[in-house]
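Same chain, two partners: chain A is paired with chain B first, then with chain C.
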Partner chain A sequence: MAALTATAPARPRKLLASRKTRVGILYALPVVVYLLVLFVYPIFTTLFLSLKNADGSLTLHWYAEALTGVNLSVLITTLRISAETALLSLVFGFLLANAISRLKPLWAALAMLIVVVPHFISALVRTYGWIILLGDKGLVNETLGAMSVPGAPFRLLYNELGVVIGTTSMMLPYTVLLLYGVMRGVDRRLLAAASSMGAGRVTIFRRIYLPLVAPGLASAGLLSFILSLGYYITPALMGGPNQTMIATLINQQVTKENQWNGAAAQGVILLLLTFAGLLLVKLVSSLGASRKKRSAS
Partner chain B sequence: MMELRKTLAGRITLTAIATVILLFLALPIVVILVTSFSNNAFAAFPPDSWTLGWYKALFADGSKWPAALTLSAFVACLSTVFSLIIGVTAATALTRSELPLRSAVYALVLGPLLIPQIVTALGLFLLFEPAAMLGSPIAIALGHTVLASPIAVLILIATLRGIDERLEDAAASMGASRLTIARRITFPLAAPGMIAAAIFSFITSFDEFYISQFLSSVDTVTLPVQVYNSLTFDIDPSVTAISAILIAFAILALALVALVRWLGSGRQNSLLSVENTAGIAAPGGETV
Partner chain C sequence: MAEFDVVTPSVTVAGGTLPTATGKALSVVALRKTYGDVVAVDEASMEIAAGEFVTFLGASGSGKTTTLMMIAGFCEPDSGTITVGDRDVTKLAPQKRNLGFVFQQYLLFPHMTVSENVAFPLTLRGVPKDEIRRRVGETLEIAGLSGFGNRKPRELSGGQQQRVALCRALVYRPPVILMDEPLGALDKKLRDQLQVEIKAIQQELGLTVIYVTHDQEEALVMSDRIAVMRNGLIEQFDTPRELFERPRTPFVADFLGAANFLPGRIEQHTDEHTLVRLDASGGLIKARRHQLASGTPVKAAVQPGRLRACAPDDGFCTGTVETATYVGTLVRAGVRIDGGDAPLLRLEVPAGRGPVTGERIGITADPDDVNLFAVEQGG
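Take a look at the complex of A and B:
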């Protein structure tokens, strides 16, 4: 190498570049091969299985089955619960992120700790915590009873309310983190400028603040919607028979009924819904970026 | 800088809202920690009397928990090793070399984090079932690596981006070999990030439920699957104790990551006068 540098000063540069490329390919191989074999290939297997008849011919039978009768109502339930979860975690996430972004740095850091730490604790464990809290004799009902709220104890478990409470608490860290980042990026001087020109609080919020954080709100809502779609643990443990979601159905078909083709078709439907959601997220963020560029110029 | 005037009423509402929502996040965790020491493991909060009985029951004869704990720890260790190997190589490729199709590789790495885990689990089931590998700890570890390695890659990319390449170049200019540079410069500076990547890979595998559920057999039940089973089928009060241990474990791991980052954060600054801490974010921040 040293000798080469001495004789031909122009070549080593190119040699170095191609060497860098070769090293890059070599180092990228493990991850690429691993994920192609254990992630991409299995997804294609699922896709083929969902299109295959018992005799090996191609069919859309499994999709037709997945989109009719009970299976269709499970799909609709999944979409409904995900939408409710997304809406609630968006509202609570907005309120909390907004509050944290105005706190003093020390308090904000502490609050963010309470947001982030639960995210790293098993969802199964947190769901169990909710089951203890929301039972007929749990803390929530006992407190409401002690305050002699009419109607207490409420039925908070094994129905849709229970599931939505559970899934919302699982999605909340995502929305808070995303929105907190967006809100920290809002230039406070814009709000002060509007105020100095006589705009009221409501006007500032509606005309300045909301448009600035809108793309973040949309991405956070979509993201929690997508993540809820494939959720299994909380709906299965905190819901009743009417809250069966698509992931539960896939699990049942594989482990109990040996109905792999049907499960594969539902998996592909779930995958397509996820892709559609991700595409929307991308669209929204590019829209937001172009708007930001416009307002800056 | 001018700020919007803050009203007292506004401040009180703000604090009240933040407190209620933070309670909503923290309560499920606090309630488990408290209930695990309670005589009545299922209801009555706050407890009437205290006990360590559930913790003792975990290790009583005939308990399923020690086997599940051992299996989960073994699987998590394996998949941490796999994830670190994949993570170090991939992060090197993505930050320190010229890689064709870089964005495609990046998208492939992000894939497992974005796609519903149940779909990944179903695919792995269809892969390992014909190979008669259901119930094999190796298969479960390989499956967990699909989810854990992207996290390791992302953390290590942030770590390597945070290391000033001029330090490596300077060593090279003074005649250090590639191996010496890796051993004496890059590795010591990347060590905190590698420990963080290892801890997060371990937690990911240790808490993973979907893949374990699909790939487990009667004899190989990981801890999360056992927790799920005892919540659905046989209500076993010691599940509160194991949940509390899992919480303590997660908090300990996060504290460890924070500690390692804090210890490591000063290292590079003593070598460089130019501040360069772009890759050293708050603990856990980059995985989200």
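Take a look at the complex of A and C:
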């Protein structure tokens, strides 16, 4: 025992470290297994499926098909509707979050509840709610008609407008939540400081407030864009044939045409688009930072 | 933006022309602010000359910060007027007052570099780029921050951040710079250092500064004049020396000088002095002349450092030293006065000949160091 303790100094630490590592692996195991089974395996299966020919050989045929003709126009429609949705939910989310962040804490909490609670209702129910509201004989058109607004009733359903109204309302809680968090974190006294130096409201908004909430805007916009890319129920129910989005197409291929390979290719494209979106935001923000650094020096 | 062009003087920060330090920079007339039933500021009036360093000194709730906020425009007075130079700014928004403000929490813009922070007020005023660069550089140099221009505020220490905030407030040469406890968040050593630095910059550039603090020492070190505030009222607005030696109210005597108060009655007046019979010891104390009639109850205020020990029965009272604390160059003693249950008389004497515990000493003071105050009803 005495000899052991004498030579011990370096070894117990090593032992401790490796034991720590082993315990760490043990803790991480459930997550690793979870990710392997439910994330890595399905993704690789999908990838494999998208590259497999009918006879089992590798091919890019499904990708070529996904990027031509009707499929390509569906992809472009998806990107366009997602961008419109991201932009609109960002604008409305900004206005809402900005208003809420100025309220007293109690009122702000209540307002957040009103924004978030509808989100707990099934998207299907909410979409049907919109359909009832926006139909030719719906509340909106009836009201506009009663006010004899020229042009009423408007076509608010089964076109791109309908889809964008629907998806925007679905994305709004996300953008409001994200932006509200960022806005609450802005020290209002910074705005007072700017005004003490002579900055007016517009300048303060443009040069102090907006840059401070910009990271929130980027992530909120990206989030609603990505979520819209794969959104299914609302576009399917509130859009017409020209508003078919990629998720609807994938669903059709799997359930109606039993065409798994094509669906897999489109799924992979969707995934890549999402990655591209993430990369873009990262790029833009780092570009902004480096430009700032250059202008300062 | 046009209003800025009119009021921005075309001065350079260092080595150029400075605004002549004459005339009044700011005046406040009968400023009043209430919150519900609470009077935060009660009819405050004062005139501040250009180039002056004025401090609002008081405990929290004294109205000093509220007064500053009203001058800055962050808080609207119920009544009264605020004039900067010749311009009535009472109703103007903060951004139209062209004042500088240094906050306790620095409040630097976190997304801008140090240079951009300091340049911000200049860009608002449409100053050409080259001149902005020059003035920012000069101002940072004055504050000892050359080479820090490209850093972000979070990369600086608290003291450095506050220096940047100071630069940002003075780079556009506002006629008055307001400072709200700017050193409150810093530790003692740094605070002492920055007090000297701020004072030096103020004097070098001839800045007019209104400074808010609750720290008496800070006020004494930095100020040309101090407004001692309590319960929304300006108790006294004077030079540090006047406040210290000629306090006009017992509060000022206590707050700045930590004076001993000795109750008594006026016995008689001479040409230069007033004699007061002390209640506790029955001894006579000679004080600065006061116009109150004989027999009036008064309090004689003497600061601990202005009391002197002498042989027993030679002074206005005699007592026993109960505590004696050695504090470097001084000994602080507490003396129990004979014949009364008055609180211990606090005494500060040079350490060399300090009294020791249990010693019986007489106590005396120069009549000019003894100020008399009428005893308020019930007080």
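Going forward, the second predicted complex is superposed on the first by the 241 of 297 C-alpha atoms of A that agree within 3 Å, B and C clash if a C-alpha of one lies under 4 Å from a C-alpha of the other, contacts with A are read in each partner's own complex, and residues count from 1 in each chain.
By definition in this document, a contact is a pair of C-beta atoms (placed from the backbone, for glycine too) under 8 Å apart; a residue touches a chain by one contact, two chains touch by 3 or more.
Computed from a predicted structure; not experimentally measured.
The superposed arrangement places chain B and chain C next to each other on chain A without a clash. In the superposition on chain A, contact of A:A192 is made with both chain B and chain C.
Judged by the touch definition given at the top, the superposed model places A:R102 against chain B, while chain C stays out of reach. Of the two partner chains placed by superposition, A:A218 touches none, neither chain B nor chain C.
After overlaying the two complexes on the shared chain, residue contacts for A:T203 are found with chain C alone; chain B is out of touch.
In the superposed model, A:V254 lies in contact with chain B only, and not with chain C.
When both complexes are overlaid on chain A, the residue A:V74 reaches neither chain B nor chain C.
Comparing chain C and chain B on the residues of chain A they touch gives the larger count to B.
Of all Cα pairs linking chain B with chain C in the superposition, the shortest spans 6 Å.
Common to the chain B-facing and chain C-facing surfaces of chain A are residues 189, 192, 195-196. Contact residues on chain B toward chain A in their complex (touch as defined above): 1-6, 14-15, 17-18, 21-22, 24-32, 35, 42-45, 82, 85-86, 89-90, 92-94, 96-100, 105, 108-109, 111-112, 114-120, 122-127, 142-143, 145-146, 149, 153, 203, 207, 209-210, 213-214, 224, 227-228, 231-232, 239-240, 243, 246-247, 250-251, 253-254, 282, 284-285, 288. Residue ranges on chain A touching chain B, taken from their complex, read 17, 20-21, 23-32, 34-36, 38-43, 45-46, 49, 92, 95-96, 98-100, 102-103, 111-112, 114-133, 135, 137-139, 142, 169, 172-174, 177, 188-189, 191-192, 195-196, 201, 204, 226, 229-230, 232-233, 236-237, 247, 250-251, 254-255, 260, 263-264, 267, 270-271, 274, 278. Partner chain A is touched in their complex by these residues of chain C: 4, 72-74, 93-96, 98-101, 103, 105, 107, 109-111, 113, 115-116, 120-121, 124-125, 149-150, 168-169, 172. Contact residues on chain A toward chain C in their complex (touch as defined above): 187, 189-190, 192-200, 203, 207-208, 211-212, 292-293, 296-297.
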